[in-house]
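Two complexes follow with chain A in common, the first pairing it with chain B and the second with chain C.
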Partner chain A sequence: MTVTSAPTIQRNGLLARLHGRAGRGWLVVPTIAFLLAVLILPLILIGFYSVNLMTNLIGVPTEFSLRYWEDFLPPGSNPFWDRFQTSMVITLLVSVAAVIAAYPIAYYLSFVARRRRYTLLLLILAPFFTSYLLRVIAWKVILANNGVINSALWQLGLRDHGDGVTWLIYSWFSVALVLFYTWVPFVALPIYVVLENMDTRLLEAAQDLGAGRLKTFLRVTLPLSLPGVIAAFVFVLIPTTGEFIAPLLVGGPQSYMFGNTIQGFFSDSPNWNYGAVLAVWLIAIVLVLVLLFGRFLSTDLRESKAPA
Partner chain B sequence: MTAAASRLGGRLLGGYFLLFAIFLYAPLVVLVIFSFDDSQIQTLPYAGFTLRWFRAVFSNGDLIASVQRSAVIALFTALGATLLGLITAVAMTAHKLALRGIVVALVLLPLVIPYIVLAVGLLILLNTLGLRQTLWAVLLGHIAVSVPYCLLIILPRLRTIDQAIVDAARDLGAGAWVAFRRITLPLIVPALLSSAIIAFTISFDEFAIASFLVPAGKETLPVYIYSGSRTPALQPQVIAIGAMVVVASLLVVTAAEFFRARAERRLRV
Partner chain C sequence: MQPMDRRKFLLSAAAVGGGVLLGGCGSGGGSSSSAGSPKKTHPPIGQEPGTMNILEWQGYEANGTEAQTYGMLAGKDYTGKFGPDGLKYTYIVNDTQAVNKARSVQFDLMHPCIENLQDYVNDGLVQPWDTNLLPSFKNLNPTLTKKGQIDGKQYFIPWDWGYASILYRTDKVAPEDATGWELFWNEKYKGRIAMWDGAQSNFEVAALYLGFPEMDNLTPDQVDQAKEALITQKPLNKFYWKSEYSDMQPAFKAGDIWISYSWQDAYVNMKAAGLEVEFMDPSQGKLGWTCGFMLGATTKNYRHAHQYVESFINHASCVDMVNLFYYGSADATVLASDVKDKDLATKLNIGDPTALSGPNVNLQSWMPNENDVALAWEEVHAA
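Right, the complex of A and B next:
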């Protein structure tokens, strides 16, 4: 019996230690409580508003009703739905354009830039950490009717003074350009990470076997980098889906996005019930995107320990 | 050159990179250039150099007050979000964490929920509680959206700590708290600083949530900048303060990265 005592003590020590680490789990409680109050409870209230269990309209009885939903669904019969569709098309175009534009940057950083790569990566990412609002305002200065581009055209005599290019601002072009500008540096990051971790011996092997550089890229590099490409795509898609700031500043009522419609129902013409329906719809779209593409995003947090 | 790019290909990519960098910095440069432009309207030809818009900024009491509000909210966001990020990160290193999947999903949720939804949700919450718009709500919203970033900065650093050092401290009689404070905490100071800087930046620049929740007359800087950008008389001042904020952010980002890299190198040695 005494023979087993030493290992038992050791195991008890280990158990105690394990218990200590398990005990830390309770430290999530404040964060969870905070997020339940500040995030989940408001989402539930939005849900209540969307089915008329609550309302901000005076004299309207609160009872469960899907009438606000019926005004939004079925598709194709109302202005909100049109706005939603146009908005999603812009979002998709911007996301695809940003990924295509950022890919060569990521490629350059991982395969050509060599030692300067971290400095150059920081150079690309730094504007992303400056105020979003101010970057949009800077574009407004560039694109405005008498802004930098138009007045430069006048100075160069390419257009008559006062005759600006009309689609430069308050148009879908300006909204898309600003969204593209905002997200394109951030998009380079996940692609860069994938390329950086790629086994370059595979590329050498492809070339030893007779593939040219183009073929190597198309058959080896590109397919292997797809997870990063998809992650990058989702990185733009999700935040731009609910966008409303860029359209407010460089767009016009004709180029407002879905987010602006929601904003309108909570500010200019308050009807929180309609606003809540559109907000629930927006969350649903975003959650579907996350469920579809979530596995391409980081799974780092699911493990308790980093792999050795 | 390498298997990935020929010499010519490398040059072409380099040229593209240069154009891309110019595209990214051009609007920021435009903002700075026109902050010195001696004209009410930002247009070419350049009207000449002036500092009057900066003088106007510093004598604009409303604007200065909005900077102070934003700075205070950003400071408390940095503290609150870093603290919540830290304790969450420590909890995540536990071997057993009940409902880990749900906890992770909840903590990362603010990354994907559109800010407009968070904003109207908080507005509805205030209304339900019978409260008016308040800067406290702005602070809570800013902490909520910053926590995931703080967690994603602190957790990887926490995981690189050799558990054996902590175990050694425990074996030598240190309690869990003492071991954490004397061993773990000093090792993650750089990550905590990065986390605080990121949270500060997020809050200081945040417009969407603040625009719904600030009380009238108590604008934060982004809300002031937004309304100023739609008022022709204020536009030059908006551009001047904008130029200052942009330059300051770029300096902070560069400095933060510099110190982080240096600290990491030291810790590795």
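Right, the complex of A and C next:
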């Protein structure tokens, strides 16, 4: 997460930098070749599919065509665009909720937990020792019609036996809940790192100058931790835009996300061209998000902390 | 059709192991095997590599392979002679996906369903069988084998058949509501319904519901109407099920859903689980399906493939399959008396060679405009 080489390069100046590059540049060749082969090349192929320079549709000639792009993008109206918008709203809600929920966890770990912090950190990360799929399926056990929650309601006599709360599963609620649950621990980490690296002398200074605990938090801690908060937000936002597993397992027909639409085009329907349009669109959106928030993604505060 | 994919769909998305030849589609269909003497064009079995890549539904792996956990008898003769090690399976998850897989990987043997036969032949993915090399072929139901021919060549050896209809809880659904496919559109059961996540089947169901005469040959206008009908129906679903064994049956058992698109094995399983269920005989007719074996266009295992299929279509294997899954067998010599559960045999017409030609069955067939239908289905998904 931290980039230790950055300050070194600054101190040693341009010459050393050039020397480092020329001498060791070949080290990155395998990585770049690997990325070209498994990332860039497939992306180019997907791009070709999206403009019909390649196709898997039998009887369709391969020639440049923006037909599916024109169909998908506004001003035309089609369900895929609507699905994209709905998915983005859900993604934003989940990201905001996850960050709000994760902040107190990170704060506690950083400022309150003290010696227990690493034990607690381990506990927070414990769910990641099992597969994502299993964790999602576990929610099915909890939320199903005869699952843990409904059974408890029946036992307590709060609902008639057999009459479960229907929106608990196969709904937007269950999709959002599972995504939220999945991401909270991840989101806590970047915030925790920022809070850990914070210069605590600033907090003491704020208190010396008469700020109360709330004011110290609002005027010092929160602004200084914003890079971590934004990084955390992006950590959830980007992968969730393409999410399809959780809606597949706990979502209903009304709560499919854009990722499911893309997956549908590539697996269940033979129309890869239309699927490629949606995939390229999603990649473009993610790139824009990365460019927008990219400068917050480094959570290393030492540069700003240490005097030059 | 799709019998076994429904078993553990998510777990079955495995890719074939090493040895798969990637490449373009073969030139296909060019073998003169069906008409001419196969001995002239195909080397003896001893010269064949004997390693076969097979596109199959999960659960239908040959007896003797590690993957065959149901104790199915079919395939025993083959693995007894050649051992199980040369067989590699890739699983069919749904019909459209299977065609896509066959387009990118050259399989020696495939087990798709009749409605996609034309796709495999058109794309040059398969070649005709030499029925002289299949001693049990003569036992097969001629109505079904005839459907497996294109231009007089036998591209498809039918093996299993069955019905698709609505499985519903008789203790939850009023008898007057359970008359036909319109049950899926009945607002009274909102949130208790699950249709299958399959483009072709759902458009067939919508076509039957709307009373279109040819469910597999819809005009563009009919595709639009069927799409609208499915969009109207969509909010009534609890979910669209993807896997029979990991989504649909558990949800049905749990009481999450009372009404579902289903194949007959789910009916048998739910009955066995003690639920009060019925497998509907809709006023518009059930859907009927048959699946069978196709021979890869470029296979180097011509004779191995024939021996493998013979080990599936022989009488004993067919009787065993029927009693294991309660699907019908293409073997016309399998009679109702061979089935252990006589009531089920009667109810599901097992042993009746005319079962799929009956007036109350709509046999699924090739959709010429399947790309349009698939796109329309994605629109329903996204709507």
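FYI, the second predicted complex is superposed on the first by the 271 of 308 C-alpha atoms of A that agree within 3 Å, B and C clash if a C-alpha of one lies under 4 Å from a C-alpha of the other, contacts with A are read in each partner's own complex, and residues count from 1 in each chain.
To be clear about the criterion, a residue touches a chain if its C-beta (ideal position, glycine included) is under 8 Å from a C-beta of that chain, and two chains touch if they have at least 3 such contacts.
Here the structure is a predicted model, which means the values were calculated and not measured.
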Partner chain in contact with A:S95 - chain B first, chain C second, else both or neither: neither
Which of chain B and chain C A:N56 touches, first, second, both or neither: both
Contacts of A:I169 with chain B and chain C, given as first, second, both or neither: second
Which superposed partner A:S269 touches (first chain B, second chain C, both, neither): second
First, second, both or neither for A:T182, with chain B first and chain C second: neither
Partner chain in contact with A:L133 - chain B first, chain C second, else both or neither: both
Touched partner set for A:N146, first chain B, second chain C, both or neither: both
Chain B versus chain C as contact partner of A:F244, first or second or both or neither: first
Shared contact residues on chain A - chain B and chain C: 56, 133, 144, 146-147, 248, 267
Touch list for chain C against partner chain A, complex: 10, 93-94, 96-97, 99-100, 103, 119, 122-123, 191, 197-199, 234-235, 237-240, 242, 251, 254-256, 370-371, 374-375, 377-383
Residue numbers on chain B that touch chain A, as the complex places them: 1-6, 9-10, 13-14, 16-17, 20-21, 23-28, 30-31, 34, 41-45, 84, 87-88, 90-98, 100-101, 103-104, 106-110, 112-118, 120-125, 127-128, 140-141, 143-144, 147, 151-152, 155-156, 159-160, 167, 170, 176, 201, 204-205, 207-208, 212, 222, 225-226, 229, 238-239, 242, 245-246, 249-250, 253-254, 257, 261
Chain A - residues contacting chain C, complex: 56-58, 78-80, 82-83, 133, 144-147, 162, 164, 166, 169-170, 248, 251-254, 256, 260-261, 264-265, 267-271, 274
Interfacial residue positions of chain A with respect to chain B in the complex: 17-18, 20-28, 30-32, 34-36, 38-43, 45-46, 49, 54, 56, 101, 104-105, 107-113, 118, 120, 122-127, 129-135, 137-142, 144, 146-148, 151-152, 154-155, 181, 184-185, 200, 203-204, 206-207, 213, 216-217, 221, 238-239, 241-245, 248-249, 259, 262-263, 266-267, 272, 275-276, 279, 282-283, 286-287, 289-290, 300-302, 304-306
